[in-house]
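By letter and in written order, the chains are A, B, C and D; residue numbering begins at 1 in each of them.
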Amino acid sequence: MAIFIDTSTRLLVQGLTGREGGFHAFRNRDYGTNLVAGVTPGKGGTDVSGVPVFDTVSEAVAATGANTVMTFVPPPFAADAVLEAAASDGIDLIVCITEGIPAQDEARMFNYIKQTSDVALLGPNCPGVISPGKASVGIMPHEITLEGRVGVVSRSGTLTYQAVHELTTRDIGQSTCVGIGGDPVPGTSFVDCLERFQADDETEAIVLIGEIGGDAEEQAAVFISETVTKPVVAYIAGFTAPPGKKMGHAGAIISGSSGTAIAKQEALEAVGVTVVTYPTQIGEAVAALL
Amino acid sequence: MAIFIDTSTRLLVQGLTGREGGFHAFRNRDYGTNLVAGVTPGKGGTDVSGVPVFDTVSEAVAATGANTVMTFVPPPFAADAVLEAAASDGIDLIVCITEGIPAQDEARMFNYIKQTSDVALLGPNCPGVISPGKASVGIMPHEITLEGRVGVVSRSGTLTYQAVHELTTRDIGQSTCVGIGGDPVPGTSFVDCLERFQADDETEAIVLIGEIGGDAEEQAAVFISETVTKPVVAYIAGFTAPPGKKMGHAGAIISGSSGTAIAKQEALEAVGVTVVTYPTQIGEAVAALL
Amino acid sequence: MDLFEYQGKSLFARVGVPVPEGRIATTPAEARSAAQDLGGSVVVKAQVQVGGRGKAGGIKMAADHHEAEALAAEILGMDIKGHTVNSVWVEQATEIAAEWYLSFTLDRGAKRHMAMCSARGGMDIEGVAAEDPDAVVRLHIDPVVGMANWQAMELVYRAKLDRGAARKAAAAVRALYGAFVELDCDLVEVNPLILTADGDVMALDSKVSLDTSAFFRHPDFPAFREAFDEDPLEQMARERGLNFIKLEGSVGIIGNGAGLVMSTLDVVSLVGGAASNFLDVGGGAGADTITNALEVLTKDPTVRSVLINIFGGITRCDLVAQGIVEALAGLDLPWPLVVRLDGTNAVEGRAILADAASDKVIPAATMLEAAEKAVELAGGN
Amino acid sequence: MDLFEYQGKSLFARVGVPVPEGRIATTPAEARSAAQDLGGSVVVKAQVQVGGRGKAGGIKMAADHHEAEALAAEILGMDIKGHTVNSVWVEQATEIAAEWYLSFTLDRGAKRHMAMCSARGGMDIEGVAAEDPDAVVRLHIDPVVGMANWQAMELVYRAKLDRGAARKAAAAVRALYGAFVELDCDLVEVNPLILTADGDVMALDSKVSLDTSAFFRHPDFPAFREAFDEDPLEQMARERGLNFIKLEGSVGIIGNGAGLVMSTLDVVSLVGGAASNFLDVGGGAGADTITNALEVLTKDPTVRSVLINIFGGITRCDLVAQGIVEALAGLDLPWPLVVRLDGTNAVEGRAILADAASDKVIPAATMLEAAEKAVELAGGN
């Protein structure tokens, strides 16, 4: 099974004709992902290395049966592109790689999609998702992955790679590795991923990589205690990060004591999660639980 | 049972302190409706004839357990008031009497409520709803109603009274009489009401009063053929109305041949509905079917 | 409220949609001077609140200001489908590379905004839609968030407008949608929206209908009416807050509620008569409203009898009766009144009329009886 | 990007929220002339991008311009929590009838906007929230449709602001929410929002943080930076597109991705060292980016060793290595470099460094090994 993507994934890339979009789309295709279409308004009717390009998502979906969208669109236009993908029948996953989308755009986009559609949104500002041996959608280096039965979910791109690397070098394979992105309003949360990993037959254990800020890890801890029966190993970054120079009091009033690395560690440990101190310990800790 | 309102209705009136709002609210109370609260921003803490007035809907709901809202608020502020009521947990029906709300406000209000809430909205620009012997919310003259087992639903206020009058003078009682209002974007459609009447144990037959314009009657015909097993009598007004002096072609392109009285009559007759020619025939036609 | 072409275009210009430069003229001399101002060849266009001007000869091209004057002389005073041409719009002629159709309205069935767009504009668009439905692309827009940029692009691409102009066309589409929403329009229609020879997008016509309920947000909009050639009866009714439409028959109709009035028209017709008007006094009419309504009908020489059909709800029948009595006293009513009262305070209302004991007032127990009597009194059809 | 009080107030004035009239001054003489302009008693307020000015003595009331000059002389140059006061805002004194708290921010947990409001403003609001949570009313706002009028009224009533001023307060609340959204703010906080003795609502302070990602929509916003007293290292890094924060230790850190860099800081600390900075080169760094990052660190005299920790994804390790080689050639690097490369093209990257054969470059196989070596080379903590 894996989660989010697998061999049934039919990938459409918004911005396929761009340098970055094209580079990563074809890396994904080389890995085995079924890349079926590109969308760039104004370039409809052309193709990139044989992949047809359309002006609109709905046209591309109708012509190619795409079910997954990867968005490589510059920040000023990215939210519009994601909303176009979300409005298209047939698309059930959008992976938004774009970094630097204004926070107000993200908040509107997230809430509108939630209110009007069932599509899953990964990101924005995320490295994507890889189900080793099946498909890769995003910018993750697939060379470091290994097919297997551990699910990895992370807020940080490079720390995801670090975690996957620790697993692979110990010959522990992954079912799916998901980077949910570090922006304030991620489309998919830890909880969403934990729910999918818990339901996935091919996942036996879960690695969760968190960092300071927000309360996503605290929410994950609550969900783990209520629902997750599979073993979970966590690593949290930011113990020595300087206290945020946040202006004003609003943030402090909202978050109370949550948001610090130590608060997240304690919340996760309290529900039975193994929280490691060094990223290098992730492999050992998972091996001990399998 | 009846539909929309009954003896469990706890009524909150937005604009209770106004002349019209107060007049009809207390007429509803005199009929037996449980009038529990008024809301007028700035008048919180006062009361009207013993009914407490609050500044906000959420405060009123918390204090009184209101579950139904009637809106008597001037057009420039009415959509805002309806959205406040829709956002309040515990409210499951809003009856908006206000006439003259701008069409753009109505369209936004309707769609936002549908996307974010399960509340039912009757109106705007509607006469309200009466479940004879149980409760009345709105401006309908309850003297002409009679408790019984025929459901009445209408786009027109005074034609509703006419229809109810024809039934009552023949000693045919009503389960619930609903005026859905004649505005372009009514919160509740014929189909919504037919669905409720079909599911209501106390309703044995249905009277539907339509008029020219839109395609609500045509949609009702489709729903009747698919779902409604109870007998339906219909009356359509507007056979001799002058062709609308509608500007432009957009309306004609959208509606095609639908929207005329004759098209509506034919659509309803085609699915077995008895369509009468004079409003005075409604009573006889229902009597013949019961 | 339907606007003249040039009024709608003034709104388009407000939201940044290019329109040809032009001047309004009510005399041939004004048309000449307008054409002189503008220079070069111009188009002289009849300003009427009805479609089909072009076919009726209401739009003509003039090579210079002399020809403009001559054409204006022909067009001014023309009758186009019952509308007299009182003004012409003289505008700079534009070189057209492509003609498109664009409109925004509410789709009542879907309860959402609908955009329609076609690459086959400038001609009989209803015919195009009937014969080749795919040639008119339809797109629903969620009123909650409005039209996204991607939707404008999708509309333009699906309608197969000229690809090279896609971004300019989409910008015009969004601007016109903005006008539709922000200016509270019931309809914004542009036929044709054109691509000029220079590659620009421009609105060459406008059909704009404003939502009068939203005039509280647009205090400058009622002034558009000053240019209208309104029917004096309709104007009088409007100024008194009555919903009035002039018809062809001889039975004057006064009722409360649009549905009941429409039904009354139907019943009058079914018993062999014809209504001379539609007049809805609305909800909660007082005595004044009724006397006002009766006074409007006194100005209509085609009325031969009047039918007052009231089913009281918010409206009280006693106040209606009182209004009738006041009209009997204060106005010289030239026709008999058939009155049917039911609902709120009907008993009191009927008593007031009985007390007045006027032979001009004929009570009726039902709508049908009232219609039969009124038609009879009007002398049949 | 955090603004000075007076900059935030200029944005409030733009959206129609009243603020006291004032002038900026960087010398006591300017403060005197500002006070003279304004007339009457004034308040002299230190402009720093940090809270707690009042307690630190950075806000003083002056009866006239002489006193304003004297107080400005005291306040200018003060150190408030590590921030030097380079300017003061001199504003007309206001008679205060009530002090409220208001803020708008994103609630990351709920993923919606959150408004917070309290009738107990002007004091330690975090303390108020901790001791009496009900005294700070919270209200979620759906970013899709924004703040409705009823929500502003509900906020005002639930927070128990003065009832007589409810409509004015709600209008200010909506205008400030409008600023929060339309001006792309991460935070809008007003403490206190006041009721004046005359019954008006006015913003007496401002804490505004702008979303730099949205600057493409606000071309005038980057100019706010000109007034900042930015750390020269941070400024240099920002101008080169690097995410840099100065810290207290001696190990310079360069990494790709905020999470990995944070993790590197943690590991350095766990092995007994301390980072002198946080420096994230972001995704897809080229050779230039790395030389730029190294050059920034050469300007920091506290650095004693540098740790480069790269896990390549979008970033290619060969380009990173090339950047290091270029820096070795072009810059006079005063410290040893411990380099850990993994991921995309790591093998090629390590080979490039091996070929360069510089004794300044110490390769490391893991993060932990790299941290241990870098801390050792920095001479421990």
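Quick notes
Following the convention adopted for this analysis, a residue touches a chain if its C-beta (ideal position, glycine included) is under 8 Å from a C-beta of that chain, and two chains touch if they have at least 3 such contacts.
The shown structure was predicted, so the numbers you read here are calculated from the model rather than taken from an experiment.
The chains in contact with chain B and with chain D alike are A, C.
More inter-chain C-beta contacts link the pair B-C than the other of B-C and A-C. Across the assembly, the mean Cα position most removed from that of chain B is the one of D.
Centres computed as Cα averages put chain B at a distance of 27 Å from chain C. Averaged Cα coordinates give chain A a centre that lies 47 Å from the centre of chain B. Inter-chain centre distance (chain C to chain D, centres taken as mean C-alpha positions): 57 Å. Residue positions 142, 144-145 of chain D each touch two or more of the other chains.
Those residues of chain B in touch with two or more other chains are numbered 108, 112, 115-116. In terms of inter-chain touching, the protein chains here all touch one another pairwise. Within the complex formed with chain D, the chain A residues making contact are 20, 24, 75-76, 99-105, 107-108, 110-112, 115, 127, 139-141, 143-144, 154-159, 161-162, 165, 182, 184-185, 209, 211-216, 219, 235, 237-242, 245-254, 277-280. Interface of chain A with chain C (complex): residues 41-42, 44, 55-59, 77, 80-81, 83-84, 87, 108, 112, 116. Residues of chain D touching chain A in their complex: 2, 49-51, 103-109, 111-114, 116, 125-126, 129, 136, 138, 142-144, 181, 184, 186-187, 189, 191, 207-209, 211, 213-214, 216-217, 245, 247, 255-260, 262-263, 265-270, 275, 278, 282-284, 311-314, 342-344, 366-368.
Per the touch definition, chain D reaches chain C in the complex via residues 144-145. Across the interface of their complex, chain B is touched by residues 142, 145, 148-151, 153-154, 157-158, 163, 166-167 of chain D.
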